[in-house]
Each structure stands twice: as structure tokens, then as C-alpha cells.
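In the part that follows, the structures are each spelled out as C-alpha cells.
Consider the two complexes below, in which subunit A is the common component and subunit B and subunit C are the respective partners.
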Partner chain A sequence: MKKINYNDKGSILNPLKNLQFYARKPVTEPLGPRDASASYRGFHINDLNKCIGCSSCQKICDNAAITMVEVPSIKEDAAKGLRNLRPAIDYGRCCWCALCVDICPTSAIEMTREYVHTCDGDETDSYFIFPKETGIHGDSFEKGWTKTEDSDLLDRIRRPMGEMLSEARIDNFDEIVDGFTLEMAVQEASRCVDCGLCEDACPAHMHAPNYIRSIYEGNLEQAVEWMYETNPFSHVCGRVCTHICETACSLGHGEGESDPIAIRWLKRFAMDNVSKTKIKQIARKGKARKKSGKSIAVVGAGPAGLTAAFDLVKKGHKVTVYESLPKAGGMTRYGIPNYRLPEDRLDQDIEVIQSVGVDIKYNVKVGTDISMAQLYKDNHAVVMAIGLQMGRSTRIKGSDHKMVVKAVDLLRMIPKGDKVNVPKSAVVIGGGNVAMDIARSMARLQQQKYGEVNITLTALEQLGKTFLADDEEVKESLEEGISILDARGPKQCVIKNNKLVGLETVKVISIFDAQGRFAPKYDEEDLQFHQADMVIEAIGQMSDVSILGEELTEELEWNRGRIQIDENGHTSVEWLWSAGDMVKGPDVINAVADGHRVAKDIDRFLNK
Partner chain B sequence: MSKHKEGHSKSYEKLKSKTTLKEILDVAVSFEKTARDFYTAMIPKVSKNIRYIVEELAEEEQQHYDLFLSLKNDPYVQTQLDERIKTPTENHKFSDYVQLLDLGDNPDDQTILQYALAREDAAMKQYQDLADNAPEGELQDTFRFLAIEEAEHKLELEKKYYEIIHSGGPGN
Partner chain C sequence: MRPENYQAVKLGDSNEYEIFIGPNHPGIEGNYAFRLMLDGDIVVSGKADAGYLHRGFEKLMEGRLWIQNLAIVPRICVPDPAPMEVAYSMAVEEIMGIEAPIRAQWIRTMQLELSRVAAHLFTFGGHAATTGMYTPMFWGVADRDLVLDLFEDFTGGRVYSIYNIPGGVRRELPPEFLQKLSNLLDYLESRQNDYDNLLFTNQVFVERAKGCGALTQSQALELSVTGPNLRACGLAYDVRRDDPYLVYDELEFDIPRQKHGDAYSRILVRRDELFQSIRILRQIIERLPSIKGKIRTPIPNPLSWNVRKGEAYARVESSKGELAYYVVSDGGDKPYRVHVRGPSSMHAVQTLEFLAKGARLEDVAQIMFSLDACPPEVDR
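On to the complex of A and B.
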């Protein structure tokens, strides 16, 4: 580019050049507007149904020309990443740069070829418009500037996560997922538009946009600080969270191929690359210096119980957690296999929680070794967070045979180091993630003992439609040689000469009625026999509420089999709160959110 | 044979011997009353966390009792029976694969629901058999109507069974 000499003042005769116009006839341009070019950046339109209210357009506008306004008639759904906000544009500020169009994840906002608007006197408000599908004047105008692949400001493709090949992982419980490198993590973090839909959707409202930005900036300790504001189980969630945040992510809403940010893997990356010592320092931040003199007992050392304990200790209270099993973690240890969640990572999360002052007593079964009444006597409040540790049985014919076992019982044995009876062939009944966990765990044990896998999984639900397990679980199970037979209902366990020989199933034609309620229809003529030395039931779980004792059970109010709680987890008994899977259903991040809720309410109660 | 099955054999013979619509409805009303009283008596005996199941079963049997009683006393009974028989409920047989059990002293939620399912199934089959064997007319229509009512109740119980037993509870 030619260098401009800014000191050059030009010739002294330059003003005389204007004399050339003195004798020329004036030219009048016609009053009517000329057609705009095909890619003109005119007034905006917005497809209100495509728009998800992510506010990316507002954030990118350098002129602050866009304001997000609430539209009450639009339904919000945080879990799906839908806000009831829509952009309004101030044309007194807009410079028509089209950055809002180019950043829009759903291509909802576009520009037309319309560019003429006049107003008179006090009508300047007419420059502030709420774009809809029709333009500024309610007419339809041809589209002008539209985002193309080249102009799209978003990086829509997720960095792929490597994982161990099936032949390498089938005979061990080593973690399957490779994890991000620094380069991959920074690239993945750079895709984020900081819309905050993930934070809204997360039950614990983790500050995902903040820690993603910290990762992008290379400040991993800052990222972990952001995580610990809301989640002391970040190692666990970085591996096995149900990632509702990713479902809500604005990039996942795009047309065509558009992947949500890998928020879970980014969390994993940051946690794995900050030292344990540093994490403990971070976890201790904000801990009250003065002891409150109040004490709380927590029953169950799973995510809900330990999160509540963590928060309460930081508030200055004394907390003792009672755990019936030899180690803490609940279903994260005794339900989720090591290849998904390595024990040492879970141990780290728990060690950090203990380092702030949470005391855990192991191998103590409340209801047997110590009563609820005693816990209340020794403390100011009690939290019940015992999870759903008991498995349900189908109770079909033959299911009382000793070789018909429950998935949760087997899954508990593996990390405990108990000797597991590994059958040469097994059938798993159930199509949820627990069924997948036990099928894949038994497949590994079979490969180790017999050199081959012989596992069949049968489920009422249909693959690709109503199947309950995660897609990646299904994919990986099939890679590992597990046979999945969907749309089959268990009819009976077949016993011959007192020996279990297999499972008989019947074809399921449909499973839900028009209202979405369970109403299976069967084809009685389509029966199949599946040979098996063991049948494993993974159809559902329940809580062992018998530990409450008869008196407390009668005193409590119940809600259809679960302890009745208010929005803060407080039961009908003044000193008792309940949290986690036993009241809300199975999910780690919900359990963490519950733990926070309960801790906040107990603290409020104790400070009354 | 369990007490449960014995009871049903006796009731089948009892129904088979009836020849008028009023007599059939009298017996049906008394069956529902027996069931309602059975569940009502069970309420204080089961643990409070699952008591709602038995309370709901007692209420459902009460509703059936009220319906059959009102039919018995209604001069337009025949019209109502015709209406119901035109839209029979499909029998999905889910409960067929769930075993019949004795309840025991402290039944859990699954045992109670299995019992209720088995009872509805047995009642439905009972009325269906009688309908199949009855001559065309008022009697057959009555049996068909009763079979449909029991089938509907069974279907609702199957849905409840799945919600409670298969998915970790109604909270999911």
C-alpha cells in the first residue's frame, strides 16, 4: 500500500479547481429509491422461531445497537437452550456491518435489500425496531446480505476426542477416552461465543463460559476456580456428566453440521492439568474462619451428600458424613465402571472435599450401627442422601434362581474387589446406562477369563427411537462385541434340572401409548430363547428407606414413594433434609445442585 | 392352589349361575366391595412410603363399586352397556408375565402391584369367559362390559407398575 505523507498540505492552487463547476448545470437525482445490490446490508429481519435468544448478536455489536427484549409469549426452556429473548435494533446506532448476521448460530437474523425509512418530527422512535419475518414496514423484501460458509464467524466443528480402539480396551478397565491436548483444548475453547445458554441449562449453573474463556487464555487455575464455585465434583463431571449444557449450547442449534462445544471434555482437561495441591487451595477459598458451633450429620457419601457437606463446612459448621460402604462416592464409585470414570479421579475429588474439613466415617450403616434418632440427638440437622443403591427385579418366572442377579449388586462388587462369578454367557435385561455399564463390565471380565465375549442385552425399548441408554454407550457396546436385541420383553428365566439355561423373550410391537405412557403391545407368536449361564436384571433402582426406622417413616410426609421435600430439600420433619438420587432420580450434576440447595437452606435454618 | 386362585374359581361358578342382569351386577358389586375392603384393610399395615399405592387401589375399587352400583340402579343401564361394548380396551398382557404371589405380612410396592395386576387380569378373564359362553343378549352384553372395565383398570395398573418399578420412580 502506498504510504500517505500526512504532512503534505497539497498545492496552493487546489482551491481554484472548484471553478470548473461554476458553469455546469446542476443535476437532480430521482427521488425514488434505486434497487439495492443482491447482497445489500439493509434492514434486518428475524425468524422468531429459529431464533433461540442466545444474545450473540447483541454481544458482537460494537455499537450497542442491539437490545435483547423479553417476549413473554415465547416459551423458555433452559435445558434445550431456548430463551424468550429476541433482538431489537436501534438504527440510530446500527452501522449495518452484518456481524450480527454472521455470528448468528441458527441463521435466524438476516438482512434485506430494503434501506429506505423516513420519519417526521417526533417519530424518531420508529428507528428502534423489533425485527420479525417481515421487515421494518411490515412488508416482505428480498433478502440481501445472508451468511455464507465463508462469512460464517463460527467454527462449527468440534475437535474430535480420541478413544481407545475396542480391541485394545476389551480386556481391561482402563479409561477409554484420550482427553484433549493443550492445542486441542484451546481450539475447542475458541469456538465458544459466550452466550451463557450452558450456564442457564446446567442444574448447578456452572460458570462454563468463564472457565472456557480461561482455558482459551491458557489460565487453567482460573478455570478450576470458576468450576469450584459451583461444583466440587469437577473431575467426575468432566468425565461422566450428562452434559445438559452441551444440549443447550447455541452452536448445537445450527443448521446442517454444527457441534456444541465439548464443555465436558474441556472441564476434564482443566482439572487434569492443575495440581492436586493447587485444587485444594482453590477449594478452601472462602471458607469461614470462625466455627459456628453447629453440627450436621450427612447420611451417604455420594455427590449430593458430599456437596452439601463441602458447602456446610465452608460456612463454618462441623459436618460428619456416614457411609455404609468402605469408600465414598456412592454410585460414582460403585456403579460407574473404571473405564468411564477412573477411581483415582474420583478419589481426588473426594480428597479435596475432605481437605476442607469434611469428616467421613466409613462402613457405618445408619439404621443398624447408628439410628436416625441418635444422629438427630448428636446434631442440629441431618441430611439423607443415600441414593438409589438397590436394584429392582423383573420377578418374572424363574427370576428367583441364584444365577439371576441384579446389575447394581454386580457393579458394586467390581470396585470393592469382591470375587465376581463370571459366566461364559450372560443376558442383560434392560436398556438404560446401568444395563450398558454391567454389559460392558462383564464383557471385559469374560474376555479376561475366557478370551471371548458372550453378552446379549435385551430391552423393551427400540434402538434409535425410545432406547434409554446414551448413543455413545450403544456404539461402544456394539464395538465391544455385545449383542443388543431391542424391542424384546422378558417372559421367563428358563430353568432345567435346577440350572438356569437362559431367558425367553417376546417381541414388543410398541411400547408407549399416544400420551407417552407405558403400554406395551406384544406379538405372542414371536418368542425367542437366549442361552445364558446368568441373567442380569438392570430394569430400575430404589432407595433403602428402611434405615429411617418405622417411627420416622410414619412421621414423614411422602410423595409417591419418595420423601416429600420442598424446593430446598427440606422434609416435613424440621431437622431432616433429603437430596440427590433418592428424591430426584439418578444424575450426578442434579445431585450436586441438590447438595448446594440443601446446604444453603440448612445454613439459613441454623442461623435463624 | 393359592388362596387367590381358589377365590376366583368360586366367584366364576357364582357368576355362571346367574341369569339376569341384576343378579350379575349384584355379584360384580360385591366383588368390588370385597376388593375395596381388602385394600382398605391393608392401608395401615404397609409402610407409609408405599401406602399411597394401596390407598389408590382402594379408591379405584370404590369407583368401580360405585359404577356397578349405579348401573344396577339405573333404568337406562342397557344403553350404557351398549356404548361401552362398542369400544373395547386392548389387553396388552404385560401383567401376564408377572408372577402371582402371596402378599405376606409386609409386602413391598412391587408385590402389591403384582397382586393387583393379577387380580384385575383374573377378573377380566373371568368376565370374558362368561361373555364367550353366554347366549347373545343382555347377559352377554353385561359380561362384556364388565370385562372391558377390568381390562381398562389392568391397563392403568400396568402403566403405574412400569413407572414405579422400571424407571426409579415417578420423579424421573
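On to the complex of A and C.
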């Protein structure tokens, strides 16, 4: 670099040297049109099919330039986490920072290399633009700033959940999942973009974004308060919920590795870390001070019945719940093994519900000890929530043998403490979660008694494709030494000298017919024999509606073996409502949602 | 006050009269008014009249998420926006106790130096224009545009890069970028003679700039002058060397200075600095390819990012002087308070008022531009 001395006077002739520019290309010559750079932040484009309407772009926009508009032609699906809202951009406010691009969970919104746009005469609102896949106003633009791994603002990886190793868990019913620590829970909660897709998807519409936020802020009591607004079975749902919310979670929609928030485990964390006394206080909040003078009978102390009872008691009504078994909880107690849902957690949920004022009468079998007519006589309304307590049978040859048992019956015996006849080898028929529950429970009992596991599970469905049970159930079953034979249908139970020796299965060709009806077809040539001392059927359950009595059964309207109800759970009989697995289901959160629904309708009915 | 409502007031028995310069005039890089009391063409006193670009940035930042502020900080200084993003990001990083990866620090340094080059080119032209020479202004802006092309290339935005984020930078450099940068530096060096001939050794300009708006070192310190304006008074103070940040301690560069503290010294310092920046950029071109690794330390989901309680003061050397962000967090998802310590408010208010006193009316614009203050940053 040439130095210039301050004391130099310079010369008046120096500028004349630049007369050479008469022969040189001027530096200020206007540039011709050129393409913008490859990562230019120009007008937006939005892939309307990739976009799920989560509104994250709207939330991050620092100029409030984005408005979510409803597009009726796009189909909504709450359970899948799809809304029909799509962003429209006010270019009078947009500052082209591309934060909307970097936060988009599905990489739908991107920016282009286009920065000049002229509207047609009839487009009066020319600054407010709805971007589509290719560009705006039907133009096609080249892509500019798109999301890269470096610019992605979301934390896409779920905090890992600790689990007991298969060797440690196989001979006991201890809970498998460790649960989050405070640090992990806060980190996991911090990933939430507060889109609310989970809340839309949840049958009970739990305020997941709110309690996740409270957990993130370390305010667990507040989190539990949010939960109790919609779900008195938060301990149970924190462990065994089918978590439709996580399927809907916008983070789960991302390309590549992108895990949904562990909403279920966060719920469990908050519930486990707030004292029972505090939870009872929270549950009582909002309870009516005045008694209504009305009374309601609930048949069945499962999640649906107890949720309805919980809501109705809080409205000031008197509620009595009749339960035929010695403890409350229904299928959550007598169907879900302890390694998934420890009994003390369920006990606590029920204790909290009772503390609000719900009266439960145990070991009272409606239909035998007390009739439905009597219940109606003593109360203003009756809720039927008896669940699906009876197992279905395959009705194959030999299925009437005493060593061919139903999964639900066996599952019920374990928590009751009844003596279970543990076979040395067993075959389970069925591929759903109940089949997994019984297979894994029997595996534990076998390990305790014989020191080894010998369980075979046969299912019509194909693993990894149409299989019904949750992936984690399949994974954990295999770890525990259970062999799964998929795409095999039961042919007959082989009985020799009045003793069950095993099960014969055939290969499945197809499960449904052309109309989509259940009509399995088998390849009879492909026959296999599975040696077994016990065959367990886990192919579905049904309700024991005999308790209604003949008169009432006659009076009610039915729909394919189920009681006909309206959208509020009201049956065709004025004083009778029905809820839970027996009319909808089967899972806990649907039962809870049902409980709320009938409670609301009954309250409206009683105040009419 | 709107100009049509303003009437120059002639005072009683005195020959003094009041005159407005601005808010639109060639003396400064934005809307900024200066009220002068004159006796003949000699300035008796000057009063800075800021506020035409007041957008309340500091207050706005208290209402926005930590990351949303990145989109507004560059707007605090239009000609030299990069130091704004970097200083803000550095302050937030300090509170969080995180550090940008080393590659990101090199890229940030490159961005800062490129921004300094662009800002100085702008100042050359502006300063020349205040003495009636418009060709250097066209040149300065045209050459600055080539720097902006590079910004567009690697940040996606020409003026407001919005390229930094607490924890690093948002994007890897595009392929062939360093070659493009090297070509640009070659071009800028080739332009040195043109600029020298037309401006820096042009006797017309030299005569006008020498002795105009002179500050002594002690006056400068008393007025909180920093940056090239202070170095023009003989004090080689530069945050890059005296409180090194990013990777400046690994780079070789001189700190140009002059002794006389006048407009000519100030522009000479800037001229020399531009070539020091080119020197730094050449070292970066050489070193950057060998520095591998990530460009971002991940931060939590920005929609619910609660920056832990604390405060930080992060300073950088901008083209105008010492620029700092004082950021306070109360543990929430938005800053509790952000204060921008910009060099321009010291230069365009107290220093300008001080220097205008006794100057001739025709020199006022030159004094203003030679201080290289940025009105949007004064007003914030």
C-alpha cells in the first residue's frame, strides 16, 4: 500500500490522471439484470402439501407479517396433526429474515431468488400474498434460501429414555421405563413449538402445550393443574396412553430424523414429582360449593366411569360408582401389567378422584346384587361404563379345552393375586397390545417358575407392515425372549388323550376381502405345529351386556351389538348414558374423553 | 418542526442568526438536523437535533424473543450493520455461557472486515461529496456494491445480512466464495491509485480538509471519541487489538493513526484502515479452508428459549468506533434490557457541537461527514 504523508500538499493535477477513464470502462456503469445469489432471501414459496398448518412461522415472525388463513380445499385430520391453515405474508411488514424458513418443522416454507414482483390490476391487495409451491400469483420462482442442517432452529432429537435391561426385567413385574430426570424433562419440554396440534389430536383435548411450557419453566404444580383440567387419569395416561398427540406433534412431521416431543413421558414426570396432597388440592379446584340435590349412579369404576363421576361430583351432584371387582380401575388395573403401569400410580389417581367426593361401592355386581331398575329408581341418571371384560374366542377346533384360555381372564387373575396355572410352554393367538401384555406377563411368570421363557405369539398381521401392537411392545417382547410368528392364522388346537399338546397354524394370504371386510384367507398347505401346554386367545374383547336385564335390553336401541348412543353418549333411554370401551375405544384417553362428554350432557340434562 | 413552519429568527441587536441544516442534506448518512447560530458565516454555536430516525430499538427489543431481535439489530446502523449482529450475538452467548465454534468465529471476523470495507468506501464518497466532489461518491457507492454482492452471496441479504445467531452463523460459505472474495480484494487494491489521484492527493480536497474540525487527543478522550476519529488524534486505540474478540489475536494488522485530529487525518486513517482490512481478509482467505468443523453451537428451541439470568457487555470495533451491546436477562424469553453503546451518538452530538463552534458554515457538512456518524444509530 502506498503511504500518503499528511504534510504532502498533493497536486491539483492529480485528478487529471483519471482522464484515462475516457478510455476505460466506467466503474459506475449500471449493471445489467442478473440472477440473485443461490441463497437469496426473496419472496416465499410454500409447499401446501408439506405444510401442516402448525403456525410456527407465524410465531417466529418478528414483524407479525404472517397470518394463517384457512384453506377449505385442504383436508384437516386432527389425529394425524394436519390443519388446513396456511401462511399468507404481508410484504409490507416482512423483513426477509428467513427465520420462518429456519423454524418450519416440515421445511415447507422456503424463500426464492425473486425480489421483483408486479401485481395485475385486479389484485388490489397486492402486498398481502399467499405463497404456493412454485411462487406467488401463479408465477414460478427459483429457490433461494432454504433450510440447511446448520440453519435449522429446532431441536429434533428426543431425549433418550432409560429402560431396564431385558435380563433384569424378565423375572419380575417392576416398571421398565425409568422416567425423565428434571434436567432431561426441561430439555425435552424446551423442544415444543407450541403449535397445539397435540391438543387437537387428543380425544380429551389435554392442554399439552400449556403443561409442557409449565414443565419447561420448572413449575410442575402448574403443569399438573393444566392436566387436571381435562384428565383425572394423568398418572395412568403418563404411562400407558396411546399418545395420539405424539403422532400429531409437528416435530414428528419433519424430514429425516425428527422425533415428536415425548409428551407422555413429560406428563408422567410432572405427575411423579408433585405430592399427592398437592394433587388432591389441585383436583378439588373448581368444585361447586352448593349441592345440586341430584344423584347419579355409575356402573363400572374404569377410566370412563370415574371420569364422568369426577366431573359430576365437581358440579355438585352426588355420584355412586358400582364396581363388581374388589378394586377400581377397570382394565387399567385388570388388563395392563404392572411393568407398564405400577399399581401404586393407578391407586393414586383413584385416591385423588375419591378425595373429591366420588363414592365407590366395590364387589357389587349390577344385574345380580342390584338391578338396573333399582339404580334408576334411586338416581336421576345412570351411566353404563362396564368396558370390554369378556374375551372373544377364535372358535377353532379344540378351543373349548380348559387349557385354551382368554387373555383378559388371565390378565385379570395376576393383579387379583389368584393362583395362575403357569404352563411350561404357551402359544398366544393375537397381534395386538393385549396379546403382547399377556405374552410378556406369562414370560415373567415362566421365568420365575421355570427359569426360562417359552412363549410363541402368532398373529395374522405382518411384522413391520400391518402389525397391530406398538413397535416398542414388539421390540421389548423380542428382547424378553418371546418368539413372534407373523402372518399365521390358527387352524386348530391339537388335543391328544384329552390333553392339549399344541396349536396348528396356517400361512395367511390375505386378511381383508375386496370390500375391506375381515375375511382372512389361508394357504392350507403351509401348516405348522407349535407345541404348547396352554393356548391363550387374545383376539379381541366384548362387553357383558347381560347385566342390563331383559326389559332394558329390549327397550334400548342397538347398533351391531353395541348400545346405540348419540354424540354425547346418551342412549335411547332417557335416564341412561353409556361411555368408555363398551361404546368407543379401546384405550384410556378415549374413555376419559367419553367420561367428560357424558358428564357434561348429564349435567345439562339435570339442569334442564 | 416541519421546515415550512420554521422561520429563521434574527435576534435583537446582534448580527447572529439561526439556521437549520437538515434533516436532509449531504453532511451525514441519514436524517439528522443541526441547528446553527451564525455570525456572518462563522458558527457561534451548534445544537444537534436528533430523533428523525428514532424507532425505539432498545425498547422494541424488550418485547421480542431473543432470536427475533437479530432481524432488527442490523437496522441500527445501515452502512455498517454486521457489527450489530455480532455484538448482540456475542452478548447473548456470554450470558448463556456458550461459545461460537472456531470456524464461525473466523467467518464472523470475515464478515466484520468486509462490512468495514463497505462502510469506509461509503464514507470516502460521502466525505468527498461534502466538499463538492461527486465522482468519488459514485465510485465509493459503486465499489461498495461489489462488497454487497458478496454479502448477498454468503448471507442471502445484501445490506441486512441477518447472518449471525447466538451460537454461531446461520449458513456455511457457498462454494468458490473465497475465490470471489480474493478477486474483489485484487480489484479494490487496483483502485487505490484512482482514489488517491481523485481524492486523497487532490490538492483541492487536501487544502479543504486539512485543519478542518481539528481535535486534540485530550479533547477527543474527554468527548468519548473512539474509532478512526480517535486514532486520527494520535492514539492507537482499537478494540480489535486492546480487547481482542473473535480471532483478531491470531491476525496480523497495523493500527493506522495520524496526529492532527482534523478531517484530513480522519479520512487518511480510514483509507489506511481499508487496506489493513484487505490485509486481514487475505489472511482469512488463507486460513479459513483449514479450519473445519461446525458453524453453530446449538441453542434451544428459540420459541421457548429462556436465556438464563445475567448480564453481559460485548464490544467490537465497528467502522465508526467502539460499538457495544449491554444485554440484561431476567431469565425470560425476551431481554429485560438492551442498551446499545454506539460510537455515533458521541460523535454526532457532543463532538460535532464542539467542533462546529468557530467553524465556517461551508465546513460544517465536511466536519459532520468526517466524523462518520450514523444517525439511525444516534437515535436508535
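Basically, the second predicted complex is superposed on the first by the 562 of 608 C-alpha atoms of A that agree within 3 Å, B and C clash if a C-alpha of one lies under 4 Å from a C-alpha of the other, contacts with A are read in each partner's own complex, and residues count from 1 in each chain.
Keep this in mind: a contact is a pair of C-beta atoms (placed from the backbone, for glycine too) under 8 Å apart; a residue touches a chain by one contact, two chains touch by 3 or more.
Everything numeric here is computed off the predicted structure, so don't read it as measured data.
Of the two partner chains, neither subunit B nor subunit C is touched by A:469.
When the two complexes are overlaid on their common chain A, residue A:38 makes contact with subunit C while staying clear of subunit B. Of the two partner chains placed by superposition, only subunit C is touched by A:10; subunit B is not.
When the two structures are aligned on the shared chain, A:414 is found in touch with neither subunit B nor subunit C. Looking at the shared chain after the overlay, A:538 reaches neither subunit B nor subunit C. In the superposition on chain A, A:109 makes contact with neither subunit B nor subunit C. If you count the residues of subunit A touched by subunit B and by subunit C, you find the higher number for C.
Across the two superposed structures, the residue set of subunit A contacted by subunit B and also by subunit C is empty. On subunit C, the positions that touch subunit A within their shared complex are 64-65, 67-72, 135, 138-139, 141-143, 145, 149, 152-157, 160, 162, 168-172, 174, 189, 191-194, 196-198, 200-207, 258-260, 264-265, 268, 271-272, 275, 294-296, 298-306.
The part of subunit A that touches subunit B in the complex is made up of residues 388, 392-397, 489-492, 506, 517-522, 524, 539-542, 545, 550, 553-554, 556, 558, 560-563, 581, 583-586.
Against subunit A, the residues of subunit B that register as touching in their complex are 47-53, 90, 92-94, 97-99, 101, 109-110, 114, 155, 158-159, 162-172. Listing the residues of subunit A that touch subunit C in their complex gives 1-2, 4, 6, 8-12, 14-15, 17-18, 27-28, 31, 36-41, 56, 59-60, 62-63, 95-99, 102-103, 111, 144-145, 148, 150-151, 153-155, 187, 189-194, 213, 216-217.
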